[in-house]
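One structure is given here, and the rest of the page talks about it.
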Amino acid sequence: MMHKTRPVRLNFNGKPVVLGGGRLAVIAGPCSIESREHLLETARGVKAAGATFLRGGIYKMRTAPTSFQGIGESALGFVSEVKREIDMPLVSEVTDPRQISDIADHVEMIQVGSRNMYNYELLKELGRLKKPILLKRAFAATVDEWIKAADYVVKGGNEDVLLCERGIRTFEPTTRNTLDLNSVAYLKAHTSFPVIVDPSHGTGRPELIGPMSLAAVGAGADGLIIEVHPRPKEALSDADQALDFAQFTDIIAKVSAVARALGREIGTQP
Amino acid sequence: MMHKTRPVRLNFNGKPVVLGGGRLAVIAGPCSIESREHLLETARGVKAAGATFLRGGIYKMRTAPTSFQGIGESALGFVSEVKREIDMPLVSEVTDPRQISDIADHVEMIQVGSRNMYNYELLKELGRLKKPILLKRAFAATVDEWIKAADYVVKGGNEDVLLCERGIRTFEPTTRNTLDLNSVAYLKAHTSFPVIVDPSHGTGRPELIGPMSLAAVGAGADGLIIEVHPRPKEALSDADQALDFAQFTDIIAKVSAVARALGREIGTQP
Amino acid sequence: MMHKTRPVRLNFNGKPVVLGGGRLAVIAGPCSIESREHLLETARGVKAAGATFLRGGIYKMRTAPTSFQGIGESALGFVSEVKREIDMPLVSEVTDPRQISDIADHVEMIQVGSRNMYNYELLKELGRLKKPILLKRAFAATVDEWIKAADYVVKGGNEDVLLCERGIRTFEPTTRNTLDLNSVAYLKAHTSFPVIVDPSHGTGRPELIGPMSLAAVGAGADGLIIEVHPRPKEALSDADQALDFAQFTDIIAKVSAVARALGREIGTQP
Amino acid sequence: MMHKTRPVRLNFNGKPVVLGGGRLAVIAGPCSIESREHLLETARGVKAAGATFLRGGIYKMRTAPTSFQGIGESALGFVSEVKREIDMPLVSEVTDPRQISDIADHVEMIQVGSRNMYNYELLKELGRLKKPILLKRAFAATVDEWIKAADYVVKGGNEDVLLCERGIRTFEPTTRNTLDLNSVAYLKAHTSFPVIVDPSHGTGRPELIGPMSLAAVGAGADGLIIEVHPRPKEALSDADQALDFAQFTDIIAKVSAVARALGREIGTQP
């Protein structure tokens, strides 16, 4: 019954990068890229702690039209340089089909945020791309709908889809969302998509990100995506749930121990 | 505390049409427009029963990429003619910012479906349009997020937004969704947006559409939007919840009686 | 397909009282009975407005052990006298099988609160009683579980069960609960139990109780149960959602108009 | 901010047993005790795999009145003998305050099932007992309500309360419930109650119990409670989610590895 996960492969800086191939990916970085210096400082910090992939928002989806919406195109001038200097590939989100051509050359993986999981026109466009897609689950998507959304990309011709569990909406107010690790165990047992877990959005509380990262590894996740900021209180978005470098370093050490106990290792090399 | 609703006004066939001005709008028609004849037959049937506005999908959002996706642009050739012949304005959905310019000349109101409520790039584009927007609530949107989504349109310069409650996702499997009429009463008390209720998607069961239409009027809705098909079993989408003309006619008679008991009348004339 | 509702009949003060027989029952009174004077004053006020049945908590279920738990047995000394004086039957809640014998002689209908819907030992005991049971839906009970809970009473030998919708728990924070009127329409179409709606708990906001009472009548409810207090701000429990006499009187007038539009009338006489 | 967990201590067969003291408790056994032989066979099997505590239902809560309700008092004649022979303490559920005096002498820990979490009269009675209480979270209880329910027991004089997460009700149909491990991490960070996780009810699918047991350890749980049956297909209740001995043995080996990676060990000895 257990499906074998189909790994997603890409090349970066002349080296192969594999997600879902057995090793545990650690994707980290800021919610929003605030400036060249901010991205560089964050990338150095998360790499030193053991992260293997960079995250960072260029275009942001915000509930209120008056909230900070990301620095947009102006980031495109420096992200490639920073990535090369730090030697880490980057995942970033698109929020409109018309952004794809601009951003595609600057990122190694494109994220579809939870608010866009049902944006089928966007998914169809991404199906025509030759680049891995990190598809976040919508707030209240059933697992079946999530798989069908991935199928929009796959049927378009792009099989490199990773699913990202980031918490669902329930009646519980203690946490920002309810991280549904059942879904991770289910997807690993019944589909071949690599599965990434986002404990930052999945809890919304810094003190729970460590335990829930370990839990995600136990549930079988192929990787973690975690929000880190050099000085979380100064973050322009998601300030409440970003980790500082010390917290992140401590968590990754424990994640590594649990991964090894299950015969795995942190990494994205083949 | 009670806010006064700000009516949405438009012109059709040389006459003014008002939504949210005290009268109760009845918007009806097929889930998807299947052909010129199908639209014409449906429009005649719902008009005879008392409907004042036509609905009909040109581009459809479907959970599975293999489901019928609407007839698309080919409908644009005949909808204007049918509308004029029947003398009913039309609301239809856009699912991509790139469709707006094509469809805008052919419809009197543009619907944003629940899967696109968080599609802020689409909402920003609709904010630049001079046409009423019917904004459906996402499956699991809080009322506050829904209002903020409407603000994306309003802040863009288009104040003519109507909110459409179509049911939320809960643990209850008996009905397709849980129609949240609390939200209708809340929006009428605390905002100035006209509120339309969709008992077809809100229940997913034909035998509940009548009672829930009456309930919506009781809760204070400014209008109803109901799926009707000449032969529901043959519908290309939402066959399970479409009403036939006899069922629809019976419901509208009761809706009219309840509206009158509350000092209101079905209609969209000033 | 439509089931005919099986009415619940009882006798009070030498006269027959019928619930679910076509007329619309209006059950009103305080959340908790605070004293003889408080009950008498409230009963007079709600009767003047058109209520036909009295509600009032003797034993209360409270989330926190330190909250007011009801005045308990001490109420039993005066409730019968007040009821006779005002000529209104009373419904009150039991929270433990051991309370039944004490309270049964003093009330005309026994309420099972939402927290006890799954208390099957209590339901089995009530199945042995000759007295109508008002069974509230649990916060997160499916309609099917709710019907099965009613079956515990019916199978015990007591067919006089009324179901009370009081709102379910969802992700929406604007209202205390989400009143699920779909369930009312469903129960009326598919079961023979009379259905009562509680818009007080179902919304938790006074300004929504009126619209949602009208909505409940539209959905087909056999009656309403509403919290009223002579001076809501002084109430010992549920102070935030109790109506005063003026608010209640205004609502009942509108409820009566909608009921008449649907060929019904407020009342519990045959 | 991190609270130190207050361990629960008891004596069994002349030896101390500790839950929440740092070691990881593994509680296992059948959903319902079906006979003396069935209990003995199951107890031997789970002990061989490494379980340290026995579970087994004597009185069962079932949604439908016609389902198997447990063998009741007749189990009390043999459970003490089986426990002594196997040298494992037993946890079993009470569903009515009137059962407590019968069962208390035969079990080392009393379980309150999720349907009774709001049964405050039962909780008050258990507050007077000198025996640990395993308090399951209700289907849709907030974490705050769950803590307040535990306070009913504590305020009654019994501080030995363990909280058991068993999944909450959401819109997701793939799994029986959504196991909320966020709540486990939250309770460990913010309260001093030991926390047990039930992946059997929390998933309802045998293939997910292993991964979610590991996840629970990662989230910080003090123990697991798992349904095991010698021949799951023949089980009189919960046949769909019971593990056989081979499956259980395999899971416990992995649980042990993850626990050791986090500096812990399976066990209930001090």
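Should a chain be cited, it is by its letter among A, B, C and D, assigned in written order, with residues numbered from 1 in that chain.
The definition used in the following text is that a residue touches a chain if its C-beta (ideal position, glycine included) is under 8 Å from a C-beta of that chain, and two chains touch if they have at least 3 such contacts.
Values in this document were obtained by computation on a predicted structure and should not be read as measured data.
Peer 1: Regarding the chain A and chain D pair, does the interface count as same (over half of residue numbers shared) or different (under half shared)?
Peer 2: Homomeric contact, same residues on both sides for the most part.
Peer 1: From the centre of chain D, which other chain's Cα mean sits the farthest off?
Peer 2: Checked the centroid distances; the maximum from chain D is B.
Peer 1: Identify the chain pair with more contacting C-beta pairs: A-C or B-C.
Peer 2: It is B-C, judged by the count of C-beta pairs in contact.
Peer 1: So, what's the distance in Å between the C-alpha centres of chain C and chain B?
Peer 2: Centre separation, chain B to chain C: 35 Å.
Peer 1: Can you give the whole-Å distance between the Cα centres of chain A and chain C?
Peer 2: Computed value for the inter-centroid distance: 49 Å.
Peer 1: Chain C: which residues touch two or more other chains?
Peer 2: Only 140, 169-171, 173 qualify.
Peer 1: Help me check something: in the complex, which residues belonging to chain B touch chain A?
Peer 2: Counting only chain B, the residues touching chain A are 61-66, 95-98, 115-116, 118-121, 138-140, 145, 148, 151-152, 155, 169.
Peer 1: Note which residues of chain A are touching chain D in the complex, please.
Peer 2: So the residues of chain A touching chain D come out as 1-2, 140, 142-144, 168, 170-175, 178-186, 188-189, 202-203, 205, 207-208, 211-220, 254, 257-258, 260-262.
Peer 1: Report the residues of chain B in contact with chain D in the complex, numbered from low to high.
Peer 2: 140, 169-171, 173
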